[in-house]
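Shown below is the structure under consideration.
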Amino acid sequence: MLKGYTLPRTPRGTSCLAPEPPWHYAGTALAVEFVADPARVAAFLPAGLEPADGRCAAYFVEWQYASETGEEYLDPVRSQYRETIFLVSAGYEGEPVAYCPFIFVDQDVSLMRGLAQGWPKQSGSTWVTRAYDLPSKATPAVAPGGRFGATLAARDRRLAEATVTLREPGAALPTPNFARAVNVRYFPELAAGRHGRPAVHELVRLKSRDVMMSTVWKGEATLAVFDNPYLELPDLRPTAVLAGYRFSFALTVDDLVLLRDLRGDDPA
Amino acid sequence: MLKGYTLPRTPRGTSCLAPEPPWHYAGTALAVEFVADPARVAAFLPAGLEPADGRCAAYFVEWQYASETGEEYLDPVRSQYRETIFLVSAGYEGEPVAYCPFIFVDQDVSLMRGLAQGWPKQSGSTWVTRAYDLPSKATPAVAPGGRFGATLAARDRRLAEATVTLREPGAALPTPNFARAVNVRYFPELAAGRHGRPAVHELVRLKSRDVMMSTVWKGEATLAVFDNPYLELPDLRPTAVLAGYRFSFALTVDDLVLLRDLRGDDPA
Amino acid sequence: MLKGYTLPRTPRGTSCLAPEPPWHYAGTALAVEFVADPARVAAFLPAGLEPADGRCAAYFVEWQYASETGEEYLDPVRSQYRETIFLVSAGYEGEPVAYCPFIFVDQDVSLMRGLAQGWPKQSGSTWVTRAYDLPSKATPAVAPGGRFGATLAARDRRLAEATVTLREPGAALPTPNFARAVNVRYFPELAAGRHGRPAVHELVRLKSRDVMMSTVWKGEATLAVFDNPYLELPDLRPTAVLAGYRFSFALTVDDLVLLRDLRGDDPA
Amino acid sequence: MLKGYTLPRTPRGTSCLAPEPPWHYAGTALAVEFVADPARVAAFLPAGLEPADGRCAAYFVEWQYASETGEEYLDPVRSQYRETIFLVSAGYEGEPVAYCPFIFVDQDVSLMRGLAQGWPKQSGSTWVTRAYDLPSKATPAVAPGGRFGATLAARDRRLAEATVTLREPGAALPTPNFARAVNVRYFPELAAGRHGRPAVHELVRLKSRDVMMSTVWKGEATLAVFDNPYLELPDLRPTAVLAGYRFSFALTVDDLVLLRDLRGDDPA
């Protein structure tokens, strides 16, 4: 009997990319809240979601991960990764939700866990300023006036750049955020004649538990999204940048809620 | 209407990781044919496959890829990748087939195309000696006595090393090979209580068309597989190394054959 | 007039790998104090240094860097890097000093700054557990019992692994450390007949200023150094592991002291 | 007695980044001949070189390297690298020469060998279309009409893109080329007060021997150089693109000619 929550499934089950949940995460995020063209944002929404006001957020995160008993962070190449997540505002049955059109990550383990959750992950290179609690020209302070930066690149092209200048602690989280995120799980067919009829096509709501938040710092921000010959990310280019944030958070994932099987919406 | 053969699905469909098939591939492979412990090999086989004699092959390949109209090789970070593939011998309904327990790749686009085909891809770093058709101490010749090497690493650990010394052209392909490869397509559920009951769990036979082969060189080989704390690859350690090969090949993929839905074999 | 502290030197001087000092650094280190075979350690010492007792230390560091006015940390791919540093104990004119036989880094900018200081840098992949100040299975606490790990690899082979379990804050730094480090600056000749007579071969003492230290945590440690076909790092394999440490520090470099021109010691 | 042609110098001398010459190289290049603004090109020339007509060339190369007895290509992570080289036309004592203002490489071993030769190497990511001698949409043919591409990126920004369409074999090499290349060897001082007075500052002429060339294909080309906030590479942006080339070559390096000690030209 082969074992493994994902491929590769093997005799002892220790080789699979993503072990069985729960998956525990801790991360430090630099985030920018912005507005994009509402019509362009609406064009990214899957069936079942309703357009909203164009409010978006970009999160640049340095993550550390562990499975229930794996202590992967002791061999941190198995645990750490960097990720950039774009969320857009939408509605589901009249309630506000967040939807992710683009997400970029630098480790395959995270990509695979992401696919199971419906995150549309692809490879990308994220860099985020770190804070060291020492006076030095090499580090900003986590204090009013502290300046942080983040960048995203994929396939040797820079996609986005952000800066955040901290002003005050104690803010609420940016909007949209992960609390009400809706994804699309999708797994294609390859048999001839069935390329457009996926094996899995589901609208799902993410669930997380044991969410822990640090103090949330808020301040001013900039966000640039660069032209790209393939990725449609520039469709989400900011028309206004609202605010920047910096915070740490931790959470656990081992569940998901199916909202709607979208296979009925696929062309016959 | 969102478009895209895989996630991310977007308004114009130019952002998805893997575009709709056909997918065209050209590669140069260094391959080693070897024997592993038949009982250990058998333990890797999914339901529906029958054990065979322990014959295996490792392929170290430098690939270039293009979609039907994409000419991705003109922006080659979108097209080129390196891959190590382990195949083991098995039977399906009494006929010999090849099954892949481990495959390592260095680009997300290849990983995603692979998942659609049931390849159990994960990130790995493959290096293969190249041949330049010039007399130099910096390159082997594609000629009797030419020596080539290949290595595989994942997560900062070396997993395998091979060398091949060419002896004569005109050989048949190593066995097992891609002509009769059987994979498992697998996509897990994340909803609580369903982690062991995948959404997709299929035994499939790969199909390729327009297969082109260069001359196949054959010679002696070595293959070392190193201990690893997580990956079960050392279960396939050679008990005998049979031969080495070097060749180029090209093929096109846009189909797949479902052999058996394995969900009925999953524990309730 | 071309400008640039290092190559490439260009009209405006903004292209050179390392800008003119001062160079400001902030880092978080996981360190392991250990003993290696004193005779083997002695064999690594350059002319001008005296053997000591075999006491060594390995430092695994996540750094952030800025030049005097560059704020490179706002485009952090220009600023952040990870490094593993091995220091061995030695004497210089009867005083204890530290000497670096091996150092591995993952950014060229750091490599070039290092060469100017005599650090024998080469490319390597360092990973170090991070601490997030939140209760989660994904992170250790910076508190008694908190467990951290670090790994080093180069050229797709793992070279070393360490773990540290924190026990108490307020310790002194490990020994040997950076306070009394002596390096060899070396720049070879390539003209025929002069390959063994370097243009620069100097014993130098590092200088840093504005050194800032966080609380130093101390505890137990493990350190494994793996066999390698080329690197002589296993000559420094621990015969005893003394203690582990975790701390942050910041410093500025813009000076160096020449101790001795070693060209007179080179074979004629 | 420590051994090693470069740092790190160790008891057995097997750890140094670059072993003693000769160094043997084989490569396949895609090259673009172009014209840049002559005044801008002239501004990159070191003392001792005379301005020329703005003729430049960019070379995108996949290299394989071996030392005299090392057979590094059998462990190819030690041997293979990709490089982009910009050469500009200049004069030295009235004779035409080539000078390299920018060069980008992806392996530290190549960077270190390069510094010894005066190449101003820094890290960069180069990709070049490969040719497989099989009919496939995944590969161009080395034949009239065959289309090749190459890209360069550094620090997560794309710097340049080229395409070449082959038209006819049997051409001469592009100009400027490596046959008459002049570099600047440079090694800075770090002692306070001496940052602008390098330890090594030499105008040198490269020497290579045993140069072997494949057939040289020539055709049309495009070359784009992108804006960059730090690198002055856009100063060399093409005003006209003349031709594209594809060829393989091999050579050996173990010598260099000192043309002039430039320390006398440095400001006091």
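Observations on the structure shown:
To keep things simple, chains are lettered A, B, C and D as they appear, and every chain counts its residues starting from 1.
By definition in this document, contacts are C-beta pairs under 8 Å (C-beta built on N, C-alpha and C of every residue); 3 or more make two chains touch, one makes a residue touch a chain.
Keep in mind the model is a prediction, meaning the values are calculated, not measured.
Within the contact network of the assembly, the step distance from subunit A to subunit C comes to 1.
Overlaying the C-alpha trace of subunit A on that of subunit D calls for a turn of 180°, given as a multiple of 5. Distance from the centre of subunit C peaks at B, each centre being the average of the chain's Cα atoms. Chain geometry summary: the mean Cα position of subunit B and that of subunit C are 39 Å apart. Per-chain Cα centroids separate subunit B from subunit D by 35 Å. One inter-chain figure worth recording: subunit C and subunit D are separated by 30 Å, centre to centre, where each centre is the mean of the chain's CA atoms. Within subunit A, the positions touching two or more other chains are listed as 75, 77, 125, 127, 151, 156.
Of all residues in subunit C, those touching subunit B in their complex are 125, 127, 151, 153, 156-158. Residues 24-28, 62, 64-66, 68, 71, 73-77, 79-80, 125, 127-130, 132-140, 147-151, 161, 163, 210, 212-214, 248-252 of subunit A touch subunit C in their complex.
If you check the complex, the residues on subunit C that touch subunit D are 2, 5-12, 14-15, 17-18, 20-21, 43-44, 46, 75, 77-78, 101-103, 107-108, 111-112, 115-123, 155-156, 184-192, 195-196, 199-200, 229-233, 235, 253-258.
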